[in-house]
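Residue numbering begins at 1 within each chain, and the chains themselves are lettered A, B, C and D in the order written.
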Amino acid sequence: MKSIAEIEEAIIADFSFLDDWADKYNLLMDLGKELSPFPDEFKTEQYRIQGCQSKVWLKSHLSQDKKVVLEADSDALISKGLVALLVKVLNNQTPEDILHAPLNFIKEIGLDSHLSPNRANGLASMLKQIRMEAKVYAQQTASAQ
Amino acid sequence: MKSIAEIEEAIIADFSFLDDWADKYNLLMDLGKELSPFPDEFKTEQYRIQGCQSKVWLKSHLSQDKKVVLEADSDALISKGLVALLVKVLNNQTPEDILHAPLNFIKEIGLDSHLSPNRANGLASMLKQIRMEAKVYAQQTASAQ
Amino acid sequence: MDIAAIRQDFPILSRQVNGRPLVYLDNAASSQKPRQVVDAMSNYLLYEHSNVHRGVHTLSQEATVRYEQARATVAKFIGASKSEEVIFTRGTTESMNLLAWSYADAFLTQGQAILISEMEHHANIVPWQLLLKRRPDLRLLVCRIHDNGTLDLEDFHAKLADQVGLVSLTWTSNALGTINPVNELVEAAHNAGAKIALDAAQAVPHFNLEVAKVGADFVVFSGHKMCGPTGIGILYGKLDLLEQMPPFMGGGDMIKEVSFSGTTFNEVPLRFEAGTPSIAEAIGLGAACDYLTNIGMDQIAAREQHLLQVANQAISEVKNLKIYGEAPDKAAVISFLIGSIHPYDMGTILDQYGIAIRTGHHCTQPLMERFQIPGTCRASFSFYNTEEEIALFADALVKTSTMLNR
Amino acid sequence: MDIAAIRQDFPILSRQVNGRPLVYLDNAASSQKPRQVVDAMSNYLLYEHSNVHRGVHTLSQEATVRYEQARATVAKFIGASKSEEVIFTRGTTESMNLLAWSYADAFLTQGQAILISEMEHHANIVPWQLLLKRRPDLRLLVCRIHDNGTLDLEDFHAKLADQVGLVSLTWTSNALGTINPVNELVEAAHNAGAKIALDAAQAVPHFNLEVAKVGADFVVFSGHKMCGPTGIGILYGKLDLLEQMPPFMGGGDMIKEVSFSGTTFNEVPLRFEAGTPSIAEAIGLGAACDYLTNIGMDQIAAREQHLLQVANQAISEVKNLKIYGEAPDKAAVISFLIGSIHPYDMGTILDQYGIAIRTGHHCTQPLMERFQIPGTCRASFSFYNTEEEIALFADALVKTSTMLNR
């Protein structure tokens, strides 16, 4: 399993070949399409991330080897791409690693405008939600020990 | 009995001799001191003019020959001078004459800053009150005929 | 109308966004500001500022005069009969809340209803919902709309008969562009013994309101949508109604006398303007009224109708484009969806082309529900937009939908 | 502190009034504005404006970033622990009304009391009186003050024991200058199980607040008294309290989902900012915080204490001058009367000398009643005032009282 930093590096490399904003967005949307299918029955308020203009759903669980397993979907292509990016980087990592990842790649691939406090942009909300869930898992693990 | 316009002329003449603002204010305050005494028992909310920073009282009645008789007082010297000016010009005039007087003298003697909509300045409120009472008398007279 | 000269008054219109000339088609969310408005505010703040109303010194008197002049300018601009009928608030939203707490709570009686419609902005929905929480004896009725975005007048008249004490409707819909038949609505409301409030947030920037002639009891709007500053808006009310209404907020300037044994309240309009008001903003709004008057509201209305036609024509070629809101009487607003493309994707990619439109529910979630859509893309035009901008917009629309339809 | 350079930032200070150089000593009513603040607003309005929060296009995102940055700047300026604890309102008055309707109405229970004092501004009296009209089961208690203008702490502790749910006191009195012992007050309130709100309208312009350290539950103030624009103010609240509070006004931006079957509300702080906010004004307030921070609040406090001493000294020679408010810990405010001269006369004649002071009840009528006076003359100083201005003031004071004592 690659580390978060290693995956980030790979993504930065993929995006760095592209000068054109259109190509970047196309790549982003392609990443969205690579997400494993998200069952319709979980597309409910319970799994919805608040603060996105489009609908974004996120579901996680802790695997037997204490890694956070992430599943996600969105009804908009770009949001789906954004959440796919996060899933790509953070899926199957430990809660602690997720909580401590600086995630500089977002800036480096030029998508940091999506991190603005503007509620229409979901990236900040998505990240917040993933970190919140990671925190819960981290506490569970800690108290179980 | 002099007309409103004639009294205005006289006042304009009195003020026009004075270049200095201090002299004007002194004259104004002197006019206030010339007001006939206003009985303390009438210094009540009923006779108080709203909208002045100082307390200004005004009492009027219609004389037998259908003229408006005005009495006034204030606890501040300048307000007293201002209301005295109005009394000097409008006392013992008919309701109609009061209602139609353009009262240009206020501007000509350089006191029009006291006519601003600023509620701290009573001149506008005083004038409004006098005109309101004149209107009532005018209606009474009209309906009595 | 010399559009080139007018555009010089709005420096932002010469900006680049994402390396392209900005095409600002989000005017319904907020209009841009001409120099004249900003200069009026800056001059006031830098050279003339002082608190209003209570000071005897020159600066305070000057500020009071300017503030009250702005009130008179707004009154004249909307065709009110008296300045005192114009109350300064923060915007449409505060005006509606004031109406709910001061007018509706005090004057609506058990069992009476407030009648709104499916096309209302949240500002004309949520205040009533909050009121009903405190006053469960009141009811909220919702008039249906037709598929083309016009009010269902049959439903309106039927519901109006159901003990309606207050009608509160939008004059012009921000999401659909529909201009409602206010003369008919006002007459019907009054015949039914109800008062009527009109949300003119999307009306006042675009045509002459003539509120006294229309006869509405209350009219509310925001400064920032009519070339004015943020932080200021208006509640217009008929004087005899305002005079009967209890205060909304308490504090300085709205009182006559304060004592611990009892407090009396000031006259209208000051009764409703508690605390230090938004002085510079009121002055800015006055300047905005002057600016629009100088161009001429009739000219503005004609120009915007022209732009609407040009835009409708320009986008008519775009495949799978569906317009929401096709009222015959319509403001220069186009709400649309293209195929199954999500508005968020559309807006994000259009932004890359320098095109600023609004996407989402436009604070009209119940309306979106009515049409069973998550939201729309909305292009809204102002007199300072150009035919060239519309061409750029249409062109970007084609490219964007191609990109998103892959 | 380079006063000459600082005064260059405030062009109004070079104005003439009635043919004399303006001496502006009405800072407690409203401060003047430096270019930096006005420029920040103008730049925003002319080059960067767009509605915030819901737009996906660049301008809207930029505006949102600036608006939220302003919130963070204010939070840091007052020593709040989190940006979300800072809510933008129109000013102190709206903040207090929000507290009354949202906090007090929701959390105070039958028989509980709100404890204020005799030295409160109407903004901290009338909202509670209005609340009590709707909630006659609540009570308003008034803490006495001593003749020197300090709080009667014995009375405070006694009244606090009488089922007080909320203490609401001024941090600094606008009419007397008294700086209240907030640390002691906060501790006592909390020990009594009460929450405490502080009216910092006259505190925040003059010294470092450190709200988190002081531990007050709520702190309210206005932008226009701290070199900021009109139309903006703050409600600071501890996050856990704010999160429990119901909304005050309804409309756009404060909702999560709106439907006719039920509406849910947004998170703090947006829950309390219904409608399009005062964006330019928030940005201006942020710039004002930056401006004051650059000079240094400790320097400002020291400078103003110095000016207060100079002024006290300068007017000590004026015959029959009586000062109201002689607390040992006092802001740079002098309220006074000279013999039986009416404050209105005093203010009017001083204005002829170019001196701007405030006269009247200063929105503290119960306080004037307490001292059995119709009002006072109030000179209030800001860091940008000079020793020369104080000399002009003292000189004019002598001339004016001679003229009015004839």
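In this text, a contact is a pair of C-beta atoms (placed from the backbone, for glycine too) under 8 Å apart; a residue touches a chain by one contact, two chains touch by 3 or more.
All of these numbers come straight from a predicted model, not from anything done at the bench.
Shared contacts of subunit B and subunit D, meaning chains that touch the two of them, come down to C. Chain centres computed from CA atoms place B at the largest separation from subunit C. Compared on C-beta pairs in contact, A-D and A-C come out with A-C as the pair having more.
Taking each chain's centre as the mean of its C-alpha atoms, subunit B lies 45 Å from subunit C. Rounded to whole angstrom units, the spacing between the C-alpha centres of subunit A and subunit C is 38. If each chain is reduced to the centroid of its CA atoms, subunit C and subunit D end up 31 Å from each other. For subunit C, residues that reach two or more other chains under the stated contact definition are 18, 54-56, 58, 60, 344, 348, 359-360. Multi-chain contact residues, meaning those touching two or more other chains, occur in subunit B at positions 53, 120. Listed in rising order, the residues of subunit D touching subunit A in the complex are 52-56, 58, 60-61, 64-65, 68, 256.
Listed in rising order, the residues of subunit C touching subunit D in the complex are 10-12, 15, 17-18, 22, 24, 26, 29-30, 32-33, 35, 37-38, 41-42, 45-51, 54-60, 90-94, 96-97, 100, 121-123, 125-130, 140, 142, 222, 224, 229-232, 247, 249-255, 257-260, 263, 274-281, 344, 347-348, 350-351, 355-360, 363, 365-366, 369.
Remark: subunit A residues 21-22, 25-26, 29, 53-55, 75-79, 120 touch subunit C in the complex.
Touching subunit D in their complex are the following residues of subunit A: 50, 53, 113, 116-121.
Listing the residues of subunit C that touch subunit A in their complex gives 18, 342-345, 348-349, 352, 359-360, 374-375, 403-404, 406.
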